[in-house]
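Alright, structures below, take your time with them.
Across the two complexes that follow, subunit A remains constant while its partner is subunit B and subsequently subunit C.
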Partner chain A sequence: MTQSYYEASARERLAAVLDPSSFQEILPPSARVTSPHLRQLDTPAAFDDGIIVGEGRLDGQPVLAAAQEGGFMGGAVGEVHGAKLVGLLERALDTRPTAVLLLVESGGVRLHEANAGLIAVSEVMRAVLAVRGAGIPVIVLDGGQFGCFGGMGIVARLCDTVIISEEGRLGLSGPEVIETTCGVEEFDSRDRALVWRTVGGKHRTLLGEAGELVADATAAFRAAAIRALALTPDLSLEALEREHAALGQRIERFGDCHDAVDIWRALGIEAPERLPLLEAADFNTITAGKRA
Partner chain B sequence: MRDWNTQARNREARLARAAHLTQGKTVEAKDAAALLSAVLEPGDRVCLEGNNQKQADFLAKVLAGLDPARVHDLHMVQSVLALPEHLDVFDRGVASRLDFSFSGPQGARLAKLVAEGRINIGAIHTYLELFGRYFVDLTPRVSLVCAQAADRAGNLYTGPNTEDTPTIVEATAFKRGIVIAQVNQIVDSLPRVDIPADWVDFVIQSPKPHYIEPLFTRDPAQISEIQVLMAMMAIKGIYAEYEVNRLNHGIGFDTAAIELLLPTYAESLGLKGRICRHWALNPHPALIPAIEAGFVESVHSFGSELGMEKYIEARPDVFFTGPDGSMRSNRAMSQAAGHYACDMFIGSTLQIDLGGNSSTATLGRIAGFGGAPNMGSDARGRRHASPAWLKAGREAREGRGLMPRGQKLVVQMVETFREHMQPAFVERLDAWELAESAGMDLPPVMIYGEDVSHILTEEGIANLLLCRTDEEREQAIRGVAGYTPVGLARDKRMVENLRDRGIIRRPEDLGIDKSLATRDLLAARSVKDLVRASGGLYDPPKRFRNW
Partner chain C sequence: MDAKLLLEQLFPAGQRVDFDGQYFSGTGQTADGEVAVIGTTDAAAIGVELAFRIAGQVLEIVRSHPRRPILLLVDTQGQRLSRRDELLGINGYMAHLAKCIEVARRAGHRVIGLVYSQAVSGGFLASSMLADTCYALPEAEVRVMNLPAMSRITKIPVERLQDLSQLSPVFAPGVENYLRMGAIAELWQGDLAACLEKALAAAVGHDARRDRGLARQGRLLAGPVAERVRHGGA
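This part shows the complex of A and B:
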């Protein structure tokens, strides 16, 4: 039976994505580096503060990797959590691995330590760009139960590529936040089909925000991560301007669309309403060459 | 001379008052309130069809909106209180008396209205009891029912959710009552006729299709590994040993786990064709993998389930469907089947006491139990034998010199701690306090201890059939109650003795390796897996999707 990436814990994901037994954790739970803020609030802490960082090998290549644990506060970023991630990224500048893998699963900044968390996320962003600037690709894997939202949604889009499953979600404000601030008429967060159609992996792939859609299996994420090691991103000013122009056109092309399905139709996909039911392989075949 | 025909003449008078509102049997939706005001009389016994799935929601709204100066003191007789309008009729003074079976989500508000003296509850029934009383002393004078479609003559097509409609209409129409149906559409010809036109007086096309609640859909993603372990114990320790072939499953994740382990774990034990062949069951989506694997020969249903329509239509050998392909369900028939024709009921509960009595009643809620008390009780009128029934009866009577007879397997399946670390095992059920506060004649017990054959927890299976004294029974229950206060108070020596005698069996006694109890054993781990297993025929409601 295939191992579900969605259901696996952060540690199980790392073990399955990297080469067997290759992972060496930095600041493991035994180091007991926990959040000072949660302690003050008398809130349960995690010995790894909800993130695992370390180094290992992928297809024999040296990589650094981090995995957020959705089971602890939805993978939210606190001071220690963020510092571990920044430390890992800065280490990449010294050790120059083949790539850095971010197995994201996070609702964004941890509200209990909001200011420290916000600062941490901005430091993560700066560190990601520094690593990319040094020519080391940063690869995001997004397929966990809590998706990737808030500050981590921005971080994910700063990286070289996002590998996502249909179950994976990517966005800035999460569905409940949109409903709370804009009303249920704007976005019904309990309409799960609508939620996944809008922030789920398939739509994010069609919009070009995710690089590859994979099945919900740890083996599929590993295979896609190995393929991503060969990425040679174009970081020239021209490439950046092209991307900005493309993003600017998005509102012109799809501004009248009321639903993701309208966008899929506008992309020239026949019978777009069947897309949610397609397995990853069929989806990739049918939508090839038709992404925004 | 005595007039023997008062009911019919009263009926004619009511129809005459409404004559100006109809063309044939059809009444416009805008005239619905005028129609109800015309035919209803104060103090009428009224059945407002409330089901588990479909709801006569339009008629409920109209009834609740009537002028209480004109229509008041109605006596509502209906199986399920599902919608807020079902209680609005009492809040607004249109109705005052209630006989029912199940109030589910309205349980808290019902308790409040009872406490305020706004509702006078006759009794809380099981479904079969209430249906029985429709034909004895609770016959509706006016029934407000719900169907998918009607033709111009007034024939009704109920669609897959036939549910209570045939029972309600039969009781009303043949005692010269008045039957008013809300339908989603009026058509020239129906796919099939479920209720003949001459049993129906008025048909109203409702402005919106009636509401249907997907009550029996359980997302496999939420099944825990503890539940997988308990399902393994159920299959190996009960289903296999008693060769249970005819059964009903309660609603819940515990039993959904069993359904999802049939094609994997039960198959690996060589049980296909030996257990679980015939079911009285709503079409649970979680049963799809077992049907596809060839475990299930037949399923008769109380009502249907949203999203299962195409799958059911494509598996006519398994389900009861009409010539049009859609399901015909029937709550009364399926309840009778569950009571008399099934060898086992297995379901969850909230609280079990030391006598094995179980209840889902909690303080501040009057919820009723629906079908569980019928399914979960020994059918003492049963006479036909089956291996499971005979074995259970033998175990309960061995060495006691009693007349041999069989017994139904009634299994209560609970984790020792429920949500919020509430112990499932208690010295005294909350039902006692609820009975006191709500002025009930008896504590509301869902399943009486004398009917329970097995209690299954993650700690093991207690076989109550084999207990010979009240003390043994108590210790057998304490012995599977784990770390709850009730469990910790067990007599260790006696519990070990019960274990030696096979009255308590732990997973290891059953040869079950706990480390194998992972979600990987589930034949489907998500709703999408169920769609895959159905070959794309199952179309789950939006709220169960993550795609």
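This part shows the complex of A and C:
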């Protein structure tokens, strides 16, 4: 029986992705580390502030892992939530695990504590880069109901790879934010097909924003995460110059494209309009060698 | 403050900075040598092209001018909100800029951010907030979102938010709030050239923002919670 990653809770995802019974939580709900800012606004708090952090094993290798719970405020980052993530990343500098796994699901900064959340995201950014600078890969898994947006969308792209399902969206400003600010003619957030082909996992993979597209199954995410353990972080000037060249080419090649389908056609994919209908395996076969 | 006036005050010994639309870059002269300057004006919305351009300039400085300090003067209303920017992966461009700043830091460049006008959300995150240390002018505006928009989304009455913002720095716009919470190290006033030289001479260390937030009583949990996770038992 296949377990959907999209439908699973953050705790269920950790249990299914890591080796069975290997996960040990740090500051679990029983520690009652909650957000004082939500209380001040009479908004319900969560005993884990919407993020679970701890140690475990993946394919026998020691790893640190964090999972954001979209069911609590859309996985939004507040002061405590962000500090747990920063602390976990810095723990990696001391314990030197094989990798750090981030099971992201977040709409970005939590507005109820917006300043603390924004600062926390920038501290997470610095910490991710410090961990990678120490030679430890940081692996992102993105397949939750809220996707990965706002500052967490930037964080995800600071990491070594993003493993994504079609359902796992990745971007900066969410479609609703763009529609509210710029109007429905700019981005119709209720047009689900448009939303998914713009910020969904298939387009992210074809652009080179995500490293691997997997099916919506916890076992598929686990298998891809095991493969990603072999990655070696590279923050050299040469690596950044290569990335710079690729991003420059992306603007040149696709800057005038109106829709994701135009980009897929420009990549040489035949009948690109069928891509949203394909299962992950067929998608990967058909698009092999044609990614930007 | 106007960017050209700011540059004159920062670099009385001279500067060569080229403006192109909302983007500018160049060098300024200090007592300790040349400083590279990269910035934006007119509350620029940072879209893929602008993020790419700033990142390219950072890489050019690392490649051609080893260890030259970098001063980021980014005036931004935040990330550009558009479907096209999302289609092209704007978060990847923002992350690229952040990585380029990190590469500069690791190569021995001092990176200093100065918020001289506006700093908002994603545009702030990917630039000045990634500097070794970020400073601001007293009249600068720093925010994620204004209170009326915040009220609409959180469904909390704006009057309530206004009242609470008198007591707590945690959500309301304001450079003072970011100062109290440790993200802004100091406000620069008076002799800006002297402020810059002092900042350039300051020691570079770890990310000290949560320590400052705790010392200034503006962010009490970030430091202790991170320490508990870093050192606590699983």
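Throughout what follows, the second predicted complex is superposed on the first by the 290 of 292 C-alpha atoms of A that agree within 3 Å, B and C clash if a C-alpha of one lies under 4 Å from a C-alpha of the other, contacts with A are read in each partner's own complex, and residues count from 1 in each chain.
Criterion: a residue touches a chain if its C-beta (ideal position, glycine included) is under 8 Å from a C-beta of that chain, and two chains touch if they have at least 3 such contacts.
Source: prediction; values computed, not measured.
Once the two complexes are laid over each other on the shared chain, residue contacts for A:230 go to neither subunit B nor subunit C. Legend: residue contacts after superposition of the two complexes on their common chain; A:153 is shown touching subunit C, with no touch to subunit B.
When the two complexes are overlaid on their common chain A, residue A:115 makes contact with subunit C while staying clear of subunit B. Touching more residues of subunit A than its counterpart among subunit B and subunit C is C. When the two complexes are overlaid on their common chain A, residue A:191 makes contact with subunit B while staying clear of subunit C. When the two complexes are overlaid on their common chain A, residue A:181 makes contact with subunit C while staying clear of subunit B.
No residue of subunit A lies at the contact with subunit B in one complex and also at the contact with subunit C in the other.
Here subunit A touches subunit C in the complex through residues 24-27, 33, 36-37, 40-41, 43, 53-55, 79-80, 82-84, 86-88, 90-91, 94, 109, 111-123, 125-127, 129, 133, 150-151, 153-158, 170-173, 175, 177-178, 181-182, 186-187, 198-199, 203-204, 207, 209, 235-237, 240-241, 243-244, 247-248, 250-251, 254-255, 257, 259-260, 263, going by the rule given at the top. Looking at the complex, you find that subunit C touches subunit A at residues 48-49, 52, 55-56, 59, 62-63, 79, 81-83, 85-96, 98-100, 102-103, 106-107, 121-122, 124-126, 129-130, 143-145, 150, 153-154, 156, 160, 164, 168-172, 177-178, 181-183, 207, 209-210, 213, 219, 221-234.
Put simply, subunit A touches subunit B in their complex at residues 1, 3-4, 6-7, 166-167, 190-197, 200, 202, 276-277. The touching residues of subunit B, counted against subunit A in their complex, run 221, 519-520, 525-526, 531, 536, 542-547.
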